[in-house]
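Once you scroll down, you'll see the structures, which are given as structure tokens.
Shared between the two complexes below is chain A, which has chain B as its partner in the first and chain C in the second.
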Partner chain A sequence: MIYLDNAATSLRKPDSVVKAVTEALTSLGNASRGAHDSCMNTNRVIYNARGKTAALFNCSKENQVIFTNNSTEALNIAISGTLDPGDHVITTELEHNSVLRPLYRAEKERGVTLSILRSDKKGCIDYTDLEKEIRPETKAIVCTHASNLTGNVIDIKRIGEIASRHNLLFIVDASQTAGSIPINMRESGISLLCFTGHKSMLGPQGTGGLLIEGDIDVRPFKTGGTGVQSYRKEQPMEYPTRLEAGTLNGHGIAGLSAAIDFLNDTGIDKIHKHEIHLADTFYDRIKEIPDLKIYGDMSDRVRCPIVTINIGDMDSGIVADELSYNYGIAVRAGAHCAPLMHKALGTDTQGAVRFSFGYFNTVEECEKAAEAVKEIAERR
Partner chain B sequence: MIYLDNAATSLRKPDSVVKAVTEALTSLGNASRGAHDSCMNTNRVIYNARGKTAALFNCSKENQVIFTNNSTEALNIAISGTLDPGDHVITTELEHNSVLRPLYRAEKERGVTLSILRSDKKGCIDYTDLEKEIRPETKAIVCTHASNLTGNVIDIKRIGEIASRHNLLFIVDASQTAGSIPINMRESGISLLCFTGHKSMLGPQGTGGLLIEGDIDVRPFKTGGTGVQSYRKEQPMEYPTRLEAGTLNGHGIAGLSAAIDFLNDTGIDKIHKHEIHLADTFYDRIKEIPDLKIYGDMSDRVRCPIVTINIGDMDSGIVADELSYNYGIAVRAGAHCAPLMHKALGTDTQGAVRFSFGYFNTVEECEKAAEAVKEIAERR
Partner chain C sequence: MKRYYILFENYDQGLKLHDLLDRAGVDNRIAPAPASARGELCCGMSLLIIPENLERAKKVISENNAVYYKIAEIENALEAKRDRYC
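Let's turn to the complex of A and B:
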């Protein structure tokens, strides 16, 4: 199988990640729940992982690295934990349902109002439009770092500058970029960063996190055991326990920690360069195919390694099935949990075929995939 | 190290669990997010795990097995998703903070009222008291299957019968029992069962679940991507997607699935018998030590393999440290996230030293632990 669905999850993990999880499964106790060696060992693993995560994204407080099950959980915590009735929020049409649905819910249940920044047909937003949407009651800008559908990357530094100037919270969904494109919370003025461990971070599923920069009060989402302040009726107010009820996924976090080591040792720039080379190789070989639609702004120099297409009016699911059954190529088709982006691109009925490349893919695989697309387009 | 902190997490996992997670880490795609082989494989793993979990606990609908990060998350979903303003809930002093804190929160934020059933000094409740607490506005009984502090097991069948008779929801926290003591949702009238994967289920951390028996509407807790019904603004209403936003911990669930196979192949009765034999061995050798306090109802024939003690007035943390440093024995001391239980036992300042045994412990380890307790008691 040629796996080109890395934007959904990185199928292949570094050997060191697999090893770290395997070792953890035979050695880790319950974090923060005791003082014996195996607990201390777990606490060490998690403490180190917090430090590495904070460093990776340049977050100033290690204890404000909150481990979650995935990016969706981080986004739910960030959005439900900071917005109050009467608040206004700005977001974009590029967003995934993991941003949109928590915002729609805040709109419906908490009296939050919402402005959704339009995207053009290439999936780009107008940054000057964004500033025009700011009102006195605007509390936050919530936006993705990159579209999971087109691979377009948002200039978060530019938005962060706007957010800082207007004293707004800036909540960033880094699901598609963390580990592949450098993110610097302090430089980009990011207040809350949400990431998942299993995509370009190259870590295990069941991991992810929320990083909080500076003094921001985020209400607890889950409540429960914390191993500290057991006699308090409410969740302790100190981070990270405030947002981490129950036993952490220590086994997964051990893998995430090894994944961050891999990213640092290899170099995120090197990883990204290779991934973009793969995407470019594929793109260059398909772009002249007649009647092929390619979505997103392919001219932007900063992109995710994603190339999303349709072949004429062919249903995207049928193209993906042909790729899978006839060529052993795994891609994603249909709707990509980004309903407004599909509407902006005009792909809400056809869906779209997304090729997403990862560090462990090869140029040869991209060439084969391009060849397959050509053949399907010719046969149709 | 002699690991006797299995009630916190089972340090040792069956080899098949480690193998399943390792294999998953090198082969699993993103569940429900595509139609290619690696996705289908993931969907199969998760589908099978749902079926096995439903069968293990005799839940009638496989699609009402919701996978969560841990038991705390399952309890948060169950409690926040079913209680409405004006509802009255009955719980017990045996509860862990993972039950108490979500209930206190519902009391404070949602206008739910709470009755907390008293425990006697042995950590037992009076079942006739329970029925007396039922009022017209009572919506649910929320209770643990076993105290994580004393190991006392609650007669859930008896409570389930009361709940059924009064048409109440019965929410059970099976954190300490799932995998070690048989649980039959239908026979015991359990509406919502919450379990964790990493304790006596012998699975990985980062796994757990909520099982829903019959037609019960549980409000979504997290919202986000579901891979289906992408154009809906709200979380889809069908189980399990209603309560499973974002990418599942497929790697962990593969391990949980293997753990359930191990439980079934070995036999839960056999596992429990061995664990109880270990606890009895330890108990028999320490019970005559002068000035030793042993908590819980040790006469009950159905118990968790937990023996919780204090040595005179010695601080429980010091006892645990001595056990760790001088004998290499890992136990848990201090407060055990069960504040009302500690108060009922009179251990809220001293804490308590909990020895908890698991299937992979040996009789010899229990003998050594008993010897260590004797020596510490004599030396003091």
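Let's turn to the complex of A and C:
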């Protein structure tokens, strides 16, 4: 199989990640539930992983790295934990449902109001529109770092500067970029960064995190056992315990920690360069195919390694099935949990076929995928 | 013989100080927090310090603004056979 669905999850993980998880499965006790060796092994693994994660994203407080199951959980914590009734929030049409649904819920249940920045036909936003949407009651800007549908990257430094100037919270969904494009929280003025571990970070599924920069009061999303302060009726208010009720995924975090080592040892710039080379190779070979629609701004050099297409009016699911059944190529089709982006691109009925490349893909695989697209387009 | 236990609100605070004390060469050992000293706000781990090292430990805490819950003094109920600092 040629796996080109890395924007959904990276299938192949570094050997060191596999080893770390395997070892963890037979050696880790429950973090924060005692002081014997196996418990402390887990505490040490998690403690070290917090430090590495804080350093990777330049977050100033290691204890404000909160481990979650994925980006969606991190975004729910960030959004529900900071917004109050009457607050106004600005977001974009590029968002995944992991941002939109928590915001719609806040709108319905808390009386939060939303402004959604429109995008153009290429899926790009106009940054000058953003500042015009700011009102006295605006509390936060919540946006993705990159569209999971088009691969277009948002200039978070530019938005962070606007957020800082207006004293707004800036909540970033880095699901598609963490591990592939460098992110610097302090330089980009990011207040809360949400990431998942299993995509470009090359870690296990069931890992992710929320990083909080500075003195931000985030209400607990869930309450329960923490292994500490057991006689208190309330959730402990110290970070990270405040936002980490229940047993942490120690086995997964061990893998995530090894994945961060891999990213640092290999170099995120090198990883990104390779992935973009793969996407370019594929794009260059398909762009002249008649009646092929390619979505997103392919001229922007800072982008995710995603090429999303449709072949004429063919149903995207049928194209993906053809690729899988006859060519052994795995891609994502249909709706991509980004309903507003689909509407803006005009693909809400047809869906779209997304090719997403990862560090372990090869040029040869990209060439084979391009050849398959050509053949399908010709046989139509 | 008295023992001193440095108590914490969570394990991250404890591990951070453990590393700081190790780096400063102050013998300390991770131990379960004594139930009698825990109170409501304490977590399950503590750092065990012998009396001779208490002032040095406090100095490390002060110099690094390390966060801890409290330092508890407990009379040793056992023979010192288990004293093994790591």
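Going forward, the second predicted complex is superposed on the first by the 380 of 380 C-alpha atoms of A that agree within 3 Å, B and C clash if a C-alpha of one lies under 4 Å from a C-alpha of the other, contacts with A are read in each partner's own complex, and residues count from 1 in each chain.
To be clear about the criterion, a residue touches a chain if its C-beta (ideal position, glycine included) is under 8 Å from a C-beta of that chain, and two chains touch if they have at least 3 such contacts.
Source: prediction; values computed, not measured.
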item: First (chain B), second (chain C), both or neither touched by A:Leu100; value: first
item: Touching partner for A:Asn63 - first (chain B), second (chain C), both, neither; value: second
item: First, second, both or neither for A:Tyr231, with chain B first and chain C second; value: both
item: Which superposed partner A:Glu73 touches (first chain B, second chain C, both, neither); value: first
item: Partner chain(s) touched by A:Arg44 [first = chain B, second = chain C, both, neither]; value: second
item: Chain B or chain C, by number of chain A residues touched; value: B
item: Touching partner for A:His198 - first (chain B), second (chain C), both, neither; value: first
item: Doubly contacted chain A residues - partners chain C and chain B; value: 33-36, 226-227, 231
item: Chain B to chain A touching residues, read off their complex; value: 1, 3, 5, 8-9, 11-13, 17-18, 21-22, 25-30, 33-39, 69-73, 75-76, 96-98, 100-102, 104-105, 108, 196, 198, 204-207, 222-227, 230-231, 233-235, 245-252, 255, 317, 320-321, 323-324, 328-333, 335-339, 342, 348
item: Residues of chain A that touch chain C when the two form their complex; value: 31-36, 40, 43-44, 47, 50, 62-63, 226-229, 231-232, 236, 238, 240-241
item: Residues of chain C touching chain A in the complex; value: 9-13, 15-16, 30-33, 40-46
